[in-house]
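Order of writing sets the labels: A, B, C and D. Residues in every chain begin at 1.
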Amino acid sequence: MNARVHLLALAAALAALAIVALYLKRSEVYLLTLWAVYVMATMGLNLTAGYAGQMSLGQAAFFGIGAYLAAILLKLGWPFLAVLPVAALVCFVVGLALGFPALRVQHHYLAFATLGFNVLVYLAMRNEEQITGGTFGISGIPRPTFLGIDLGGHVAYWYWTLGSLVVLGGILWWLLRSPWGRAFAALRDNPIRAESLGVNITAYTLLAFAIGAAFAGVGGVYYASLVEFIEPGPFHFSTSLMMLLAVIVGGSGKFYGPALGTAIVILLPEFLRGSSTPWLKFMQVWYLAVFGIAVVALMIWLPGGLLSIRERLDRKGGPQ
Amino acid sequence: MKRSTRLIAAIGFALAAAPVFAQPIKIAGLVELSGTGATSGTNFDNGAKLAAKEINAAGGILGRQIDYTSGDTQSNPAVSKALAQKAIDDGAYVVMGPVFSGSILVSMEETRRAGVPNFTGGEAASITQKGNPYIFRTSFTQAAAMPKVARYIKNGLKAQSVDIMWVNNDFGKGGRDMIVKALAAEGVKVGADISTDPGQVDFSSAVLKAKQSGGDALFVYTNEEESARALRELRKQGYAKPIIGETTLTGQKVIELAGEAANGAIAHVGLTADAPIDTVRKFDKAFQQAYGTRSDHNGIKGYTAMYFIKVMTERIGKVDGKAFAAAMHGAKMTVKDNPGVLMDVTFDQHGDLDRESFLTKVVNGKQVVVETLPPLGAK
Amino acid sequence: MNELIQLIVSGTATGAIYALAALGFTLLWQASGTINFAQGDFVMLPAFTMLFCMIAGAPLWLAFLATCVAAMLVLGVGFKKVIVDPLIRHGVIPLVIATLGVSMALKTIVRAGYSAEAHQFPAIFPAGQFTIAGVNVSWADLGTLVLAAVIVIALQTFVTRTLTGRAMQAVAQNTDAARVLGIDAKRMVLYTFLINAILAVVTALLITPTYLAKFDMGDSIGLKAFFAAIIGGFNQTRGALLGGVLIGVLENLVGFYWSPAYKEGVALMLFLVVILWRPEGLLGKVEERKV
Amino acid sequence: MSAAGPSHGDNAGKAFLEVREVRKHYGAIKAVDGVSFKVGPGEIVGVIGPNGSGKTTLFNSILGQIRPTSGSVEFCGEDITAMSPLELSRRGVGRTFQTLQVFGQLPVRDNLIVAAQEFQGSLPGRLFAAPDAGLGERADRMIELFRLKHVAQLPAGRLSYGQQKLIDIAMAFMPNPRLVLLDEPCAGVNPSLVDQLRELLVELNRSQGGSFVVIEHNMDFIMKLCPHVICMVEGKVLSEGKPADVQANPAVLEAYLGN
């Protein structure tokens, strides 16, 4: 696909997403917004796991840190746009700090370290009641106003989130096109070779990890403001697993992979829930079983995720 | 009136009513069918379904059938919120659930905004303290139940000090705060204050802590599974002092899971299928027939809530959520007129309810009611 | 002082169960490079299988034996042939993801197909306790310890004393060299999967009376098994035992002396300390970087 | 540090590698057992020896991939023993591997650019640099030289073994290294391309001026390419000198035949 077709298709898709919200019910717009918010986090995870090849199982922890920061700061009266960089920066720094011990061990241990980190953050959210409100959570989180426009309504907040998602996507796109993006890919494809070519794999691993965390932190800010209430539950490590699966199912290392994967993980089950067709009703209950088996099948036949299907077909027909 | 006119009137009425007949009343359940609240949610849902079936079989509400659909909140507040919005979008007349306090605190903002009455199974005191005119309970609040427990610990058990083991979620933490307050009011000392995790499996250190503390009794306030595990560990370590709980501890599921170890446990319950009341016995039988298991208190919550809807809707004579909510405040429903509500009940201005409650004990693997306590308002 | 000993004893018993699950974990890793994220669910499934057998009227011992056979077929041979074999050549990550999928599927199948609720499971040891030198020891803890010890010793004897066991060890240490020596490496790897399946059933037998049979009962045990394996040293069988017992005991001590609220975080904190201090694990050997 | 980068021809005259008594023992197995040799500026040195004679282990010991048991390696007067591959790369030491080591999912052109971009500017600076880090032209020239133009935009992992091997070698030369260690550059390359590859290396040696150390089994290739050859057997240097002399050495012959 050449660049112009790509841009046109993207613009059309965004326009469709913007227009369709006017015709959807409140709950459906809420779900769409929830999807966009999760995509912010999975997009970051795609950088960490998909582009740089570092398996992280703690994305929900950063998502949660962003959300709690937002809840606390927004309730203190901070403007939304001031909370965003703070959340991003805090997650970035925490990501760096967590990366250091994890780097001391072999690559796949990073996954366990992040998983454990997620468990710990979750426990802290639940037990440090003075800060986090414990299991009662924090309610009454305000939605922002932007240039005097109240974004409290469901459609207005959706446009706000969608617009922000596009900006974040732009940042990621630019990052991936820079020499950094290439170094991340080198780190993923062959760290040993990369090191012998002067790629500082320690620095890039930490960066990939911390930038991914920062994206999750930003997503968390939007989440807190969307749901208007947070408690530890949504930041349990099982959310991290779902986020990773969303990235992989969509297509890790594919720019639009997280958007597709997150739709499958977040929107599809809700669609099934709303359906009354008998076999879809069956799917409501068995959804995660089918999803789990599909993940296994995908790993066996299409490890690059759904968006790699074209490449896969190319390769089968191609010279190799 | 002449026969013919009467006939014409009847036909006219039938014609006018016909489209209404075709239009069922939508009632949406937001229930925990998976996640940590699965046991509670499933029971609540089953209770509601059973009541809806009975009401429909008997001609429905104001002649209209109930269309009850339930969605799974996965014990997750964000999903609860989404489901609440969906229920409102779908035009639900009344929303039932969720049971978990953390979830209802989020989803009730949605029903409030839309002006849809919302029955909850949640027991956290804060739910009805937010001035929400659309929220109604189906059971006691912890604020109402704990003083009864504290009174029993002091007068019934003659305990000077008591250790507390609670689960660190909104339910457990809320209850713990209430019992500490109630015990202080009764002049009973609190010994060890032991927090446990939702889903915790290993209670050995928690139980040892209680044993070492040496209080005269132990108050256990955790969810069903954790209660069972705690009871088993208490038995394993040979804990010999009285074990008291509120609602969950002597529940059907706990007895089933804890087996022998549940024997001797005492609990105050607002609702129980073992209540020595005819209507409850009838409900118990019907529930067992429908689902093969006995209902716990959450099943009764769902069941009675559905009948509250029927009674109040017929009382106001129309399907109107706002009028319904207004009429619910200060309402009184009696078994004599409406057997489906199972026990006489009154609602106050906050949406809290009041009725009789029971002191129960597990004897030979069965919950036995040892005392019926009067409603708080009947003193 | 007595309470300390008591905490250590019961912690060791819990830890021994973690160790059994962790043991299977390290065996799989050594023999085939498999990191099994569904290890916890591999404990959950046998628990329900035994439950079904007992509902069908079988006594516990028969249910246990039948489940061992079923587990060897499904969690041993089936898991290897259907999931590990096609995936292992893609590297560690796709296999890890696939086992995540398996975990999710197994949980949902049990939840949707049978029940979302917890179910009682008969205890294999009598309730109550005895006092020895002022320390209360429960029969269940003692029984668990003895049974776990028997399993570990039996396994160790099998691995070090029998020809097959030694062949398995050779494969675990160096597959290529073992093949050159004429060892049927594939068969040895399969044996490892079978042993893992049986360990899972034994773990289920020991742990379900306290954990209760529930679709998500594996989450916690799986996580503990991971961390136990890493803390002890992923490439050392003895490491898994040490890691498991350490976690069990420390959890008890933290739960008692500090706060039960952070009990679930003990395994992680121990893990972080260990990897900062000894990245290869307490008993692990340093692996040379491979080019 | 990054500003220094690898040399760009000007200080090639100082390139000088000295390996002193390097040993690498695995328990009782002496993979490398006291090897010493020198490489002068611009020189091409061949290393031959039967399989298992310790050539690759020697390479890995020199290049920081593994830590030698004893001995030292000096480069341009600096002790580089057990330095990490990253530090070595910054001193202008490059290498290729015995097995294929390309970045499979990156297009060929990006493989080449990434091989040199880390020597351009600072780490934060590279985030804001042009996408090709100013290396596009250089990469294109290298692609031209290695005749990879028709596949320049394809992911490297999808090319034939021989083509990937060429990319691997081209990457090593992208940053203008002062010293390159090539581990079996001909392995797996179509025999008809071997001569072409040799000419390429001669050309690169001439234009870039770096020194090469080459492990190779293809005798013809090494005899024609390297003015100086080292023969290793059982971890030791058996013979050293002009290719013809080493080839004529009866001990070398015996070592090969006896194997």
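To be clear about the criterion, contacts are C-beta pairs under 8 Å (C-beta built on N, C-alpha and C of every residue); 3 or more make two chains touch, one makes a residue touch a chain.
Everything numeric here is computed off the predicted structure, so don't read it as measured data.
**Student:** Please work out which of A-D and A-B is bridged by more C-beta pairs in contact, and write that pair.
**Tutor:** Pair with the higher count of C-beta contacts: A-D.
**Student:** So which chain ends up closest to the centre of the protein, judged by Cα positions averaged per chain?
**Tutor:** Central chain: A.
**Student:** As a quick test, compute the distance in whole Å between the mean CA positions of subunit A and subunit D.
**Tutor:** Whole-Å distance between the two chain centres: 41.
**Student:** Please compute the C-alpha centroid of subunit A, do the same for subunit B, then give the distance between them in whole Å.
**Tutor:** 37
**Student:** Between subunit B and subunit D, what distance separates the C-alpha centroids? Give it in angstrom.
**Tutor:** Computed value for the inter-centroid distance: 75 Å.
**Student:** Calculate how many whole Å lie between the centre of subunit C and the centre of subunit D, each centre taken as the average of the chain's C-alpha atoms.
**Tutor:** That pair's centroid distance is 46 Å.
**Student:** Can you tell me which residues of subunit A touch two or more of the remaining chains?
**Tutor:** 126-127, 192
**Student:** On subunit B, where are the residues touching two or more other chains?
**Tutor:** Each of 168 in subunit B touches at least two other chains.
**Student:** Which subunit C residues sit where two or more other chains touch them?
**Tutor:** 259, 261, 264, 289, 291
**Student:** Given the complex with subunit B, which residues does subunit C contribute to the contact?
**Tutor:** 3, 6-7, 10-11, 14, 111, 116-120, 127-129, 136, 138, 140, 209-212, 214, 216-217, 220, 251-253, 255-256, 259-261, 263-264
**Student:** Please output the residues of subunit D touching subunit A within their complex, sorted ascending.
**Tutor:** That would be residues 6, 63, 65, 84-86, 88-90, 94-95, 97, 101-106, 110, 113-120, 123, 126-129, 131, 133, 157-160, 171-172, 174-175 of subunit D.
**Student:** Enumerate the contact residues on subunit A facing subunit C in the complex.
**Tutor:** Residue positions touching the partner: 55, 101-102, 104-106, 108-109, 111-113, 115-117, 119-120, 123, 126-127, 192, 238, 241, 244-245, 248, 285-296, 298-300, 303.
**Student:** In the complex, go through subunit B and note every residue touching subunit A.
**Tutor:** Result: residues 71-72, 75-78, 81-83, 85-86, 88-89, 102, 105-106, 109, 126, 168-170, 173-174 of subunit B touch subunit A.
**Student:** State the interface residues of subunit B toward subunit C in the complex, per the touch definition above.
**Tutor:** 33-34, 38-39, 42, 168, 194-197, 199-202, 204-206, 208-209, 212, 224-225, 228-229, 232-233, 235-238, 253, 256-261
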